[in-house]
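The following pair of complexes shares a single chain, subunit A, combined with subunit B in the former and subunit C in the latter.
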Partner chain A sequence: MGSYEQPSAGGGASSNGSSSSSGTRPAEMDGLLAGAGYKVKAAELHQVARRIERLENVMVNSAADISHLASDTVHYDPADIGSWVDTLLTELNQTVSLPCDLLELPDLPTCPLLDETTTLDNRWVVGQNDQSHHSLTPQQQQFQQLTVVTSMEENSGIRLVHMLMTCADSLQRGELALAGSLIEDMQGLLAHVNTSCGIGKVAGYFIDALSRRIFAAGTIGTGSSSSYCTGSPSEDEVLYHHYYEACPYLKFAHFTANQAILEAFNGHDCVHVIDFNLMHGLQWPALIQALALRPGGPPLLRLTGIGPPSPDGRDTLREIGLKLAELARSVNVRFAFRGVAASRLEDVKPWMLQVSPKEAVAVNSIMQLHRLLGSDPTREPAIQSVLTWIRSLNPKIMTVVEQEANHNQPRFLDRFTEALYYYSTMFDSLEACSLQPDKALAEIYIQKEICNVVCCEGSARLERHEPLAKWRDRLTEAGFRALHLGSNAFKQASMLLTLFSVEGYCVEENEGCLTLGWHSRPLIAASAWQAAPEYEVA
Partner chain B sequence: MVHHHESSEEAEKDPQEPSKRPKFSINDDVDILREILKRLDGPSLGVASCVCRLWCSLTRNDDSLWEHLCFRHVSSPPPPSVRPVVVALGGYKRLYMVCVRPVLSRLGDSDRVRKRVWTRHAVQLSLSLFCIDSYERRLSGDASASSLMFLCNPINV
Partner chain C sequence: MAGSNEVNLNESRSVVPLNTWVLISNFKLAYNLLRRADGTFNRKLAEFLDRKVPSNIIPVDGVFSFDHVDRNTGLFNRVYQPAPEHESQWGIIELERPLSTTRIVPVIIFFHGGSFSHSSANSAIYDTFCRRLVNICKAVVVSVNYRRSPEHRYPCAYDDGWAALEWVKSRPWLQSGKDSKVHVYLAGDSSGGNIVHHVAAKAAESDIEVLGNILLHPLFGGQKRTESEKKLDGKYFVRLQDRDWYWRAFLPEGEDRDHPACNPFGPRGKSLVGLKFPKSLVCVAGLDLVQDWQLAYVEGLKNSGHEVKLLYLKEATIGFYFLPNNDHFYCLMEEINHFVNSNC
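The block that comes next holds the complex of A and B.
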């Protein structure tokens, strides 16, 4: 071995805060390995040994050519030999293929990590053709220390992602024991990573979801593991409200849908809006106000709000209806409200809505249709019957807003990968909007979604998001024709985003539909539909 | 010194006869005062409300002052149906403080809007946001509306 700077046991002189890797308690380093320049905690020896064993197995049995390891491996921190072996393992273990853009994790924060890394003194590069370690001049080390700070965090972040993928893969293959041990490893690694932002936070939620799935393995599809995913209706409403405040997705959905509905109602004096998920009715004040101010005066507005029944005897739907009626009365809009309580959308029958043939009907579905995609093999999918009765109402317009993600693929691993990417992007965007009390609760709202996508199966898995292209096919087959959303909606959405004054959101137009995304990744898509005339249906 | 003594003597002589005093006090004619205040911009109106009790009560209670302020940048004046709606949803002063002022400043900051001219879209968007604000106050019993928090820091209206 070449000469190298011996790291002192408590951390080098240049790494002031880096006394130990875990912050408060002193790490007990294995003395023998420390003499060779490797810092391994005595408690972790068995894990490192296990990993080296696995590495040996893979190297011996691997059919791939591994001679490149000898020539161009870049080793970032030999003191942390456990993680180095891990990296090698995942590189050699080619069973899991990541989409390449997953590695470019968005917006990793450059948090100062001097107090979280073991040591920055040693920065080794394995040179061309030798297996020993070269030393670097002090100046080179100094320079590289500056660049190594962020790459250490990125390194841990990337390792977490790799381990998440490996865990999901082993879950898919039914190797629960391996998955469980990976969960433990990941939770250990989480302690080394900043979990208040960036990849650490998202990874934390996914590790939590995976562990729920693993350790409640006998109850998937039944009550217990899914009980976390769906709270009581009033809890869900509160979380939804905070999600509405904290980020622009729901506002974008509401404003875009309202604009389309307003344009469709032009010239009609009796209009009826059917809302598939009333919640607190936050979408409707703006429509009521726009109708009040429309040239020619407001129409008679009927609103039918669908929502879950309230468990404690209160009639939440009616209360919201009353508040909306008060608002409508104050701006002189004739208004009537009806609430339809149903725990599942497929339980609603068209006669409950009491649609009159003289009125113009608008159907509004904000992130509801995907819940109908659960495939019970014994029956016709619920989505078909619901779309059929919607079409039978002959609505002037149906506004559909859905998450722009592919979380309904048959293979668990595919869903998991997609969800990891999607929710990382969403959490990033949430970080940029910093309304403190709302943000925390909005995160819980998103966390519940994540839990449902990852933990649940069968009828309990409600969050079956599908991308816009699939919805287009599905709706066209069901006898609907797309309506273009128009430039007014686009301008309004752009202006709304400007008001948010957060750089990074982008509104895009996609063949008449609008999508809102973060840094060119669309996250939510809004579209408008109309019943196609009979002769157009093939 | 002598001059000062003279004028205060004069004032002491005729305190109850404003018509004899050569000076004209703006506070004597509230309508003229109102017309002038209508033409001020936001910060100036705020400063004006601190001048004296009369000015303060005018700016606080006379909503029409704020109506001018809200729509001064609009290229064409809003239709008359707007007024009852705004009044029902909370009044022009609140509209200005909670919606118009932050929206104007945000749009003015962005690169896409060179001049501070309101378009029809901006007006409509402001009114919609104002309506949501009014509704949320009804829902939560007049606590501070959170839907517009993304526009500005909490302020005392």
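The block that comes next holds the complex of A and C.
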């Protein structure tokens, strides 16, 4: 028999599981419940239990019809049992009067803001400023690598993976000759493997990326090998568009962000969206149309689109802006567009955005923030300064979508392993799509990403994806707090997927954020944030 | 206190640790919202509320996992294995060589519970449970993400269980021992336990070897109401009317609870006499209202001439094994360990 405090796999070894709290700090999460996916502070177990009892009394004992709790009520962050129960209690308009055999005092709110928001506006439940993600052990946070193995059965396929890992390992140890000969062996093996799908296809791209890295050694980070990996802006835009059509990741990102922005803009007459990467502005027609249909009429919408300068003298940003203006005009939405040309996000200064104090601001970042993580040891990391100025704008909402992967680990081999499994899964999901040429060009889009993760270093390595847990930490430290995406957003995202008519895409809820993945592996994570009030910042 | 609509809140609070009570009560309330009176199920809300976790190829606490997806069905199995000895082997999935050529490594095919309607193989509670199983039994665990009711009624879950058994049996990398075969055990809790029985029965009929069955408060039932159902209705997290709902959702429409899926040793059950049915370990929780059916199942196995060990945990409620904070958990794990490793 073991002791009750044995660290159990995945369960978190921090606090004990029983209710006696002598010796545990009040802020600590119950470790055993954390292993079950729930966040409850050990010291609050009794309180949460009481609230559950109260809810049970109504749901089970009374004759009240509770079906609206399932169909109409919006649920948020089910991992936080206490606040989930509170939402339901509020829906049922529970007062503090209790059955007399449950002797207790009325519950004091744990977070004053929580009570305010639930009475004023039932849409947002503000996440607590947040030690909840520490319920994951540091190992789990760091090693939450994911794998979906599909057709790895062929012998050659398996051997390829082993060789890829060995090659990456020798590269890391500086044994370039060995790595080079492995490349040749692998290219030979590729001839025996089905390279049109599964592991064979993605292995090919990884072998390619590795060989670029090996045979261009000495030029890493100087631009020559990286030029393949980053490409020209116009090329990128074309590939992006096909990626947008071939699989639902970008659509999910746009759709989920728009829902959140729409809700945040409720009640505001002047709104300003700042898009960190305008591209073809694919995200915005839907928002413009939704604002047009808003009860009470549309606001004045300003859109500031950031993008790289066009090399050939055209003003692509302005062109996109004009098209969007045309659309807005056709649905009677007052609209103003401004383009900000910058080759790097960190070159953008807040004064360029001309934010007015009267307007409600939404900052929209679809797969851009990770590009700011490259560290120049002589300066403050770009991410810090950008997050600081975003916060200074006091946006009503900041929507963030990022790849759910750990591609920014210090060790090359770790990044390589993670990328191999991540992109295998992504390629698998693409295979389900049959549209050409979208599929082929989408693959090239992804291939460039792979190349950047594997070949590049230093300032040239832009694809520094980090998982949701890390972004939560970073954004919280930078003075933001989470706005939770709820069950209505989840439901709508799921419905969007059925339009895609491919089995396998999967939306999941993750502590107030939504992820989209292929089968059981999340690949993209969407979250929403606002500036935390000053007194909450540590 | 009798009466199935009254909830005696104090009774269940006094028999389980507080965090277990919060966990299981939370499920109970959530599940209440998901079952509709017309027999349909709010699947979207269910998926939103379910806490899921990813697999991880890099070991955590001595266990790593990966998902294998069947391209044709879209169903996945999550495979859990003990961490490789050397860190240099981390991150590589071994799909060629057997688990061992000398010693026997049991492979436990696990069917999660949820009354046929709830949870998934990647639900946090089950992912955590499987990882504990790996560590304690030094076994490989394959958790099956079978199709659920009411969208997929009988026999879908059994078909998926059978497919999983065939898949596991045919993996060379799951073989072990000097006899180079896959040493398979079937395990499951609640509806998973029910699936174990039916898959094992088919295996016995098809002459496919399963070394043992582990049933953790398995879901069985019947038309008549037993003493335990009447006595314990509503007392410890579960109401009889909920059990009835799940059977109506799982069984073919119009069927009653004496259908052999629900009542294998009942009036419509098929005899197991003479079949090479595996030995069974059946764990019954003394505060589970289904226990009379589970005990009848144990009797049924004995009467058919099959080896069965009953582990009766008098003061345990359903779900006692989700958190390792009670004696019952450790008792159960020791029994399972002994059950799957007794050949070594």
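Quick notes on this one:
One rule holds in what follows: the second predicted complex is superposed on the first by the 385 of 538 C-alpha atoms of A that agree within 3 Å, B and C clash if a C-alpha of one lies under 4 Å from a C-alpha of the other, contacts with A are read in each partner's own complex, and residues count from 1 in each chain.
As a convention for this text, contacts are C-beta pairs under 8 Å (C-beta built on N, C-alpha and C of every residue); 3 or more make two chains touch, one makes a residue touch a chain.
Just so you know, these numbers come straight off a predicted model, no measurement behind them.
By the touch criterion defined above, A:491 lies against subunit B and subunit C together after alignment on the C-alpha atoms of chain A.
Looking at the shared chain after the overlay, A:521 reaches subunit C, while subunit B stays out of its contact range.
Shared-chain residue A:417: touches subunit C; no touch with subunit B.
Ranking subunit B and subunit C by residues of subunit A touched puts C first. In the overlay built on the shared chain, the residue A:300 is in contact with neither subunit B nor subunit C. Legend: residue contacts after superposition of the two complexes on their common chain; A:393 is shown touching neither subunit B nor subunit C. By the document's definition of touching, of the two partners only subunit B reaches A:433; subunit C does not. Of the two partner chains placed by the overlay, only subunit C lies in contact with A:55; subunit B stays clear of it. Contacts of A:326 after superposition on the shared chain: subunit B is touched, whereas subunit C is not. 491, 494 are the residues of subunit A that lie in the contact sets of both subunit B and subunit C, per the superposition on chain A.
Residues 1-2, 4, 6-11, 17-19, 30, 32-33, 35-38, 40, 45-46, 48-49, 52-53, 55-57, 59-61, 66-67, 69-71, 75, 78-79, 81, 84-85, 88, 102, 137, 139-140, 143-153, 155, 158, 161-162, 165, 169, 417, 421, 428, 487, 490-491, 494, 503-504, 507-509, 519-522 of subunit A are the ones touching subunit C in the complex. The touching residues of subunit B, when paired with subunit A in their complex, are 79, 81-82, 84-85, 88-89, 102-103, 106-107, 109-110, 112-113, 121-122, 124-125, 127-132, 134-136, 138-139, 146-147, 149-151.
Only residues 5-7, 9, 13, 17-19, 21-23, 25-26, 28-30, 32-34, 36-37, 42, 44-45, 47-49, 51-63, 66-69, 71, 74, 76, 78, 88, 91-93, 95-96, 121-125, 127-128, 131-132, 134-135, 145, 322-327, 330-331, 334 of subunit C touch subunit A when the two sit together in their complex. Partner subunit B is touched in their complex by these residues of subunit A: 244-245, 248, 255, 258, 280-282, 285-286, 288-290, 292-293, 295, 323-324, 326-327, 330-332, 433, 435, 438, 488, 491-492, 494-496, 498-501.
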